[in-house]
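Across the two complexes that follow, chain A remains constant while its partner is chain B and subsequently chain C.
Our next item is the complex of A and B:
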């Protein structure tokens, strides 16, 4: 592979804190200019992995390479990484411009060069007019931009974002996601985002890694992550789903027939007969009424939640199982609470996952 | 709030402020008294008592000693107290709360008790050099001020700032110097001023450790008032007062303006 395809390489990185394995032989390769998200619940190891790349945490085993250089044992100040922290970590005793200039000053860049770089970075985040302000006089969103400008100003080989948007309120965060992605693509930055917010992961990244218990469960493009989850954990963590437990009756050619409490169903997956499995489908695959060649189940509507362009309908299917359907309302009427309805969904969009891997 | 209640509170605020300030004004007025005995109403003004300060018996050695002890003990307390405060605020020190209380405890102890305890303690271990015992005793006086202020300052300090500086190209010690020290500058200043003042005007502890040749300024001043109570002492007190006001004013300007402009370097 070319150097650009292996811009950042994490090889077999492990990290333990006492009895807890925080990172369990992580392998990750990122192309130059790629935007990658590490997605997972708190404690999954995503922040530790980011810190290991930044040099703020030392892995027990494994290697980290950046821009063709082994940086495993290089201290953070010589790594040429840019980090945007959750708390922004802006220096309170410096102005906006002083913060952005900090990295270049430390590197001993000539004054003219620093001034030009600061101006460029602040223009990029549209804060040029606030260069002389104190940090405490800025709003949260503005501070976020200053932190970004500070990290970009040193032209790092990789930008690392540690839950960098999570302190913003929802609306601002959604705007920033789109703007940040465009900005990073404009400057051709390579970036890694750590987040527990699946929307952020789907919006911002070229690829996202779903992490659980110190391992990467799946690394894929957002679309594939959603449509073809590799594990029950990935399915649960990204998006909503209907999940029904059952036992495999027969298996053939990547397909299984599963006996569930709601009747026999077919799903994609490779299992031996007798294996306990979870059968799952995304809610937008569920339709009112019967379809040919499809799984189906009936029940009583428990709740109807209107969410603008879509309506989420939860159905009590009996035997402790429930169904979740996302109906657009365009192709028919939306049922009411207590209605008895039947839902069906295509076999090709139904997946089987091993039961014991439930997270 | 009830109108009458507000009036009562106003009277309290104004009354207390006068109660605190009037003695200081009186001593300043007394220092300009033309006669050896201060009497109201004033019949003129004179600065001759100010001229006499320097000729007071043993004034210069005592002033020098007090400044030495106050500056040294403040400097030592600032460094050691800050390191201890870091351990308490950040170092996951087992029983950090107990250590914090212990560091601040001399503040809650009467000075007399502290003085007697230190005298007995130093005697017991054969440590009797007056200058050195005074310095060590004043560390006991100044450390709590530094510890208290720095623990509070560090509790608000975001240690991610150091990590941010490191990823931007600073070494670890460099990050501490370029980020932590300036960010904590107000805390250092407040700790330093209170520590210096506490040492400079201490009497109850010093009196047990001083000898004939080693007398701090407060001890010397009390001696003057016993020997010859004339307005020279009022003049000296007024100068100390003026010095303190300037010190507080200037540091407020330095830190305050510095913060307002948001500039460093």
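Our next item is the complex of A and C:
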């Protein structure tokens, strides 16, 4: 790989706190200018990984390289990283401009240069008019922007966001996601977002890493993450799905036939006959009625949730199994609660995952 | 009533009522403070500038004109400043250690701070005389260990005075600083570090300014306590180190000069108020 392709390299990083393994041999390579999300539930190690990159947590093993430099043992103030904290951690004793100027001041930059950089950074986040304000006089959204301007002003090699949008209310957060992505692309920043919010991950990133128990389960583009989940955990964490348990009857060439309580089904996957598996499909793959060469199951509609352009239909298929279908209004008639319906979905969009994997 | 009279308001505006309630809550403490504190202060000021012949400033001229009394004022200031400075140097790191401590250790450390507050100042000052006198514990121990042959003179020295004062007033410096440090979000220091500030830079640019309110509260408390201390200098250094507080006591109890005692009291109060006001101004952030 070229140097640009390896802007940030995390190699075999592990971290334990007492008996708990927080990071378990993490490998991660990020290209220059790439926006990557670390996605996972609380306790999955995503924040610790971010802190290890920032130098705020020392890994037990492994290496971190940034912009061609081994920074594993470099203290945080010499790493040239920018961090936007969940609580923003804006200095309350400084003004907005004072906060943004902080990084350049401690680097001993000349005053003229600092003033220009502060003005530029504040203009970028559209807060130039608030330069003289106190931090306590700002709204949450404005503080978020100041924190971003402060981190950007020093032109760091990588920007790290620790749940940086989670304190904002939903509407503002969604606006910021789009705006932040555009802004970061404009300044060609390399950035890592830590979040537990899958929408944020799908919206903001070029690639997203689904983390679980200190490991990266899957690192892929958002589209691939959704369409081709690598594990049951990734399937569950990103998006909705129908999941049916069963046992592999026969396997050939990346395809398996599975015996389930709802009948025989085919799915993509490599398993030996007799393996317990979960067969899964995304809800928008499920269609009303039969299709040729497709999996199908029938049941009674348990709930119908109208969501604007789509309608989520949950079906009780009996034997403790349920089906989740996302039907668009154009699909014709949307069933009603208690209707008996049959749903089918293509084999090519059906995946099998090992049963023992933790959901 | 005339025809032009407007209808009376149906209800008093809510804000007015709230204000009345607030005044009702404040009134009792206001009356107490005015009665037992402000009024005697006014009387004190009166006694210091009025005698049988009317208005007079002789007491102040004596206090501020005679080298002996300027020395007394300097002694009080010196006691206050040295005690405050040394107490601060000890307390600042101690407050951080206290804030970092967890579990039982923290409880023990806090108890060692609070328990001495329950003991009288006189008891603590006497404890120091027992420790520091020529046949006291410190000298006996040093002789027994063979480190010294003859007892060192410790009691009735300025060192003994400052050591005792620092020890006795230390909690009043540690606790306000600790209260601030314990609230300090560790993210501030982390943010400063990721922005490129060295540990030293982080301390002076972030930690120190953010803990300033605690420092100022501690300084104001310890200075006003030590500048006016009476028991501590009386027991630990005695006659040769007269302070404003001991001078006031002598003026009232021995010399029967209430006017002069009152004037010394006013000067002492002036010094304390000046320092506290200055601290309060410093705590209002610059710029």
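We adopt the following convention: the second predicted complex is superposed on the first by the 359 of 359 C-alpha atoms of A that agree within 3 Å, B and C clash if a C-alpha of one lies under 4 Å from a C-alpha of the other, contacts with A are read in each partner's own complex, and residues count from 1 in each chain.
Everything below uses one rule, namely that contacts are C-beta pairs under 8 Å (C-beta built on N, C-alpha and C of every residue); 3 or more make two chains touch, one makes a residue touch a chain.
Bear in mind the structure is a predicted one, so any value in this text is a computation, not a measurement.
**Q** Based on the shared chain A superposition, would you classify chain B and chain C as clashing or fitting together?
**A** With chain A as the common anchor, chain B and chain C collide in the superposed model.
**Q** Could you look at A:107 and tell me whether it touches chain B, chain C, both or neither (first, second, both, neither)?
**A** both
**Q** Kindly classify A:89 by the partners it touches after superposition: chain B alone (first), chain C alone (second), both, or neither?
**A** both
**Q** Which of the two partners, first being chain B and second being chain C, lies in contact with A:135: first, second, both, or neither?
**A** first
**Q** For A:17, using the defined touch cut-off, is the partner it touches chain B, chain C, both, or neither? Pick first, second, both or neither.
**A** In the superposition, A:17 touches no partner, neither chain B nor chain C.
**Q** What is the contact status of A:75 with respect to chain B (first) and chain C (second): first, second, both, or neither?
**A** Both partners, chain B and chain C.
**Q** Mind sorting out which residues of chain A both chain B and chain C touch, each in its own complex?
**A** 54-56, 75-79, 81-83, 85, 87, 89-93, 95, 98, 102-103, 106-107, 150, 154
**Q** Where on chain B is chain A touching in the complex?
**A** Contacts found on chain B: 158, 160-161, 163-171, 174, 178-179, 182-183, 185, 258-264.
**Q** Spell out the residues on chain A that touch chain B in their complex, using ranges where they run on.
**A** 54-56, 75-79, 81-83, 85, 87, 89-95, 98, 102-103, 106-107, 132-135, 137, 150, 154
**Q** Taking the touch rule as given, give the residues of chain C at its contact with chain A in the complex, in rising order.
**A** The contact residues of chain C facing chain A are 185, 187-188, 190-199, 201-202, 205-206, 209-210, 212, 285, 287.
**Q** Please output the residues of chain A touching chain C within their complex, sorted ascending.
**A** By the definition above, chain A touches chain C via 54-56, 75-83, 85, 87, 89-93, 95, 98, 102-103, 105-107, 150-151, 154.
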